[in-house]
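Quick one: structure below, then a few questions.
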Amino acid sequence: MADHGELRDRVFEANRELVRAGLVVLTFGNVSGVDREEGVLAIKPSGVPYEELRPEAIVVVDLETREIVAGDQRPSSDTPTHLVLYRRFEEVGGIVHTHSRFATAWAQSGRDLPCLGTTHADHFRGRVPVTRALAREEIHGEYEERTGDVIVEAFERGGLDPLEIPAALVVSHGPFAWGHDVADAIENAIALEAVAELALHTLVLKAEASALDDDLLQRHFSRKHGPGAYYGQRR
Amino acid sequence: MADHGELRDRVFEANRELVRAGLVVLTFGNVSGVDREEGVLAIKPSGVPYEELRPEAIVVVDLETREIVAGDQRPSSDTPTHLVLYRRFEEVGGIVHTHSRFATAWAQSGRDLPCLGTTHADHFRGRVPVTRALAREEIHGEYEERTGDVIVEAFERGGLDPLEIPAALVVSHGPFAWGHDVADAIENAIALEAVAELALHTLVLKAEASALDDDLLQRHFSRKHGPGAYYGQRR
Amino acid sequence: MADHGELRDRVFEANRELVRAGLVVLTFGNVSGVDREEGVLAIKPSGVPYEELRPEAIVVVDLETREIVAGDQRPSSDTPTHLVLYRRFEEVGGIVHTHSRFATAWAQSGRDLPCLGTTHADHFRGRVPVTRALAREEIHGEYEERTGDVIVEAFERGGLDPLEIPAALVVSHGPFAWGHDVADAIENAIALEAVAELALHTLVLKAEASALDDDLLQRHFSRKHGPGAYYGQRR
Amino acid sequence: MADHGELRDRVFEANRELVRAGLVVLTFGNVSGVDREEGVLAIKPSGVPYEELRPEAIVVVDLETREIVAGDQRPSSDTPTHLVLYRRFEEVGGIVHTHSRFATAWAQSGRDLPCLGTTHADHFRGRVPVTRALAREEIHGEYEERTGDVIVEAFERGGLDPLEIPAALVVSHGPFAWGHDVADAIENAIALEAVAELALHTLVLKAEASALDDDLLQRHFSRKHGPGAYYGQRR
């Protein structure tokens, strides 16, 4: 369909879910979803208050040409970051960007978010990486695209699988989370904020808290993900 | 009754109470209740979102055979932990597991939750113990059952009475709380989170905060529990 | 009137206001109001969940004889503390006791709540005192009455005026706040929790934060209280 | 129009927005808006509970004579501070004063709020300054007017543009935020509280967190503000 109604509905609902989950204030943050067969992504328009958002305001952008295919408004200014991630992380179907309070604090501190417990391991197979800082010329050039690049670079450098660790912290900026589809991306963004909060409180109690034992990490991740998963109903 | 409607209703309501009390995000956490005469427990199905939960989705499991007696879905993946606790703590009628933010931070820090004030003493007769870490072979074997075992072990090692200290922190994981019945277990889970938060804030103000005076601890616990209790209406 | 309907209504409403203000969880906390002409106080019944509370459940107690004058349930177990405060602080018309998270953390830390800013000075003319610990024999005797005594003692020892500093922190326990009437007591309990939170965050930012300049303290307190007050509408 | 209905409606709505955004408790805080053609400001009446506020209670004050032009109640006791800011910051159309928890903690700590990330840079072109303390004679004189003066002084001393850094922290007191109009001022007050919270959490994770790279700061501020802005829809 030319107007991509179902995709826009899904992205619209996901943006509202972000608000309900307490992950956004003001117009910070955005959600996108992709339709790889149609070769498009759908994303929140830039700077529109969440309470005024309507499904038909969701902007549809061609993955290749980057042109607007549907929608009357400008897409999120972070759209180039989303485009890079969809291009490089081929199994990703949805992306969420927020400035949520605890994940953003970790991003601002420049520290990887360590895996300190099973709540983390249920969603992320190890530490969530923080990106390197952008160089001056990257900032002054195609800034949002370079932001996508440094996320990809963090995964390549660390040998990380973006579907096993479906989030990154952009240094001095904030979190991006993603997933197989939009609902999965939202769930990962919520989980990321929860474990970022847990980790901060844990460090208050024990400054030198050490990372979760690797056997326990693998066990918990595998309970929920992969062929041997036994958490949840079949899906 | 074969379908254990009343027990399932109680467990269903308790799961919703967990959400209202702000103790869960996503599908983290679960509540169970037991009917010792019928020899069954009722527990939340695995990975089902709380807002989609219905009383008839609550799964009933035989305490001995571990077989599903009622319900179409898989029970919580933590069911073996609940089974161990019901078997070993014979007066317990309800169990709550959450990843609530402050109790989980204490679990991740590997520290016992100290009794720093009367709010704690009103519900827990002393520190809430953290378990030892599981050994590699325990993690790779019947992990959830071993999780129950280390909780029991913490109580035996410390000479603690599970109805006087109706909660434990599973190290690197999170809290389990319990009680005479499901409502009591929920109350203890809420109280645990409240005192975990109080204790963290207290340590920020005074790093070397010392445990509550034992006389005051006993006085407060006894105001609410045991033959001389004078808190609340008769019950 | 024999059933003190108006007083009970006021105390009932105040108890609900505590919940709305986020100062209580479970059944922690209680509010009382006094009618000095009738020689009675009205207080929450012990251990009754706030959502089940009804105006007619509020218990009325004679200030002198301590006998129940109206109401079918046991009054709050903290009633003797309230009685002491009404007897010794003669201008007080309402009292609020909570285990609110930040004020209680200060009480558990054993530190006076310092006046670190004008928000504090708007309500409390200087530091809010923490009581001394009760001695063993005080704990084992008339514990709740002695709790009232150590509050009074803290004010006498410090030369403090209970209507200028309408709150105290009972060490290892939690806050009591009061006021001219019940509404005023509720306002002071809410303000106490707010400034307790501000003070904790301030110490995180600056461990050696010093008390507010005394001139500024007096100026702010006097804006709202006393003959030269110019904050608010005439009242 | 003599009764300035539209301006009062806007200021009324903005005061309610403050409550919805969680920036106020009790009667702390106030919002004003200006109509420079008519030479008046409209402001919350002093000490009126937010839930009782009505549009017709908003007080209108002449910018020059300081006389009440419309409204039956006393204007906020902080009105002289607002008057100074409107007089000295000529492009400002709305002002918000709160005692919000994190911005006030920074004010109480006496520290400038550093720019630690892009969330900050999206709204404030660099650190938000804290004022100097008032001298004894300033406190005892026209205190509220002097409070306005030290805000202006902080901007002059630092060579700061009040529309590029639309907020200040009054030391030991709390934040003032402002903007082109009332809605913009509210947005900046919300953003200020959000970044104050982020900055505090960041310092917990990394005590020596350094300010955002200046290139990135300028880039982010310019995405949203000025001739090259490309964030949001045209406005």
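All chains are identified by letter, namely A, B, C and D, in their written order; residue positions are counted from 1 within each chain.
Following the convention adopted for this analysis, a contact is a pair of C-beta atoms (placed from the backbone, for glycine too) under 8 Å apart; a residue touches a chain by one contact, two chains touch by 3 or more.
What you see is a predicted model; the values in this text were computed from it and never measured.
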Set of chains whose contacts include both chain D and chain A: none
Same residues or different residues where chain C meets chain D? The copies count as same if more than half of the interface numbers are shared. different
Which angle of rotation, from 0 to 180°, maps the CA atoms of chain B onto the equivalent atoms of chain C, to the nearest 5? 90
Chain C to chain D: how many Å between their CA centres? 33
In whole angstrom, what separates the CA-based centres of chain A and chain C? 46
Report the inter-chain centroid distance for chain B and chain D in whole angstrom, where each centroid is the mean of the CA atoms. 46
Two or more other chains touching the same residue: where does that happen in chain B? 204
Chain touch graph shape: choose line, ring, star, complete or other and state it. ring
Judged by the touch rule stated earlier, which pairs of chains are there in contact? A-B, A-D, B-C, C-D
State the interface residues of chain C toward chain D in the complex, per the touch definition above. 21, 116-119, 122, 187, 190-191, 194, 197-199, 201-202, 204-206, 209, 212-213, 215-216, 219, 223-224, 230-233
Using the touch rule from the top, collect the residues of chain C that touch chain B in their complex. 25-28, 45-48, 73-74, 77, 99, 101-102, 104-111, 133-134, 136, 139-140, 143, 172-174, 200, 203-204
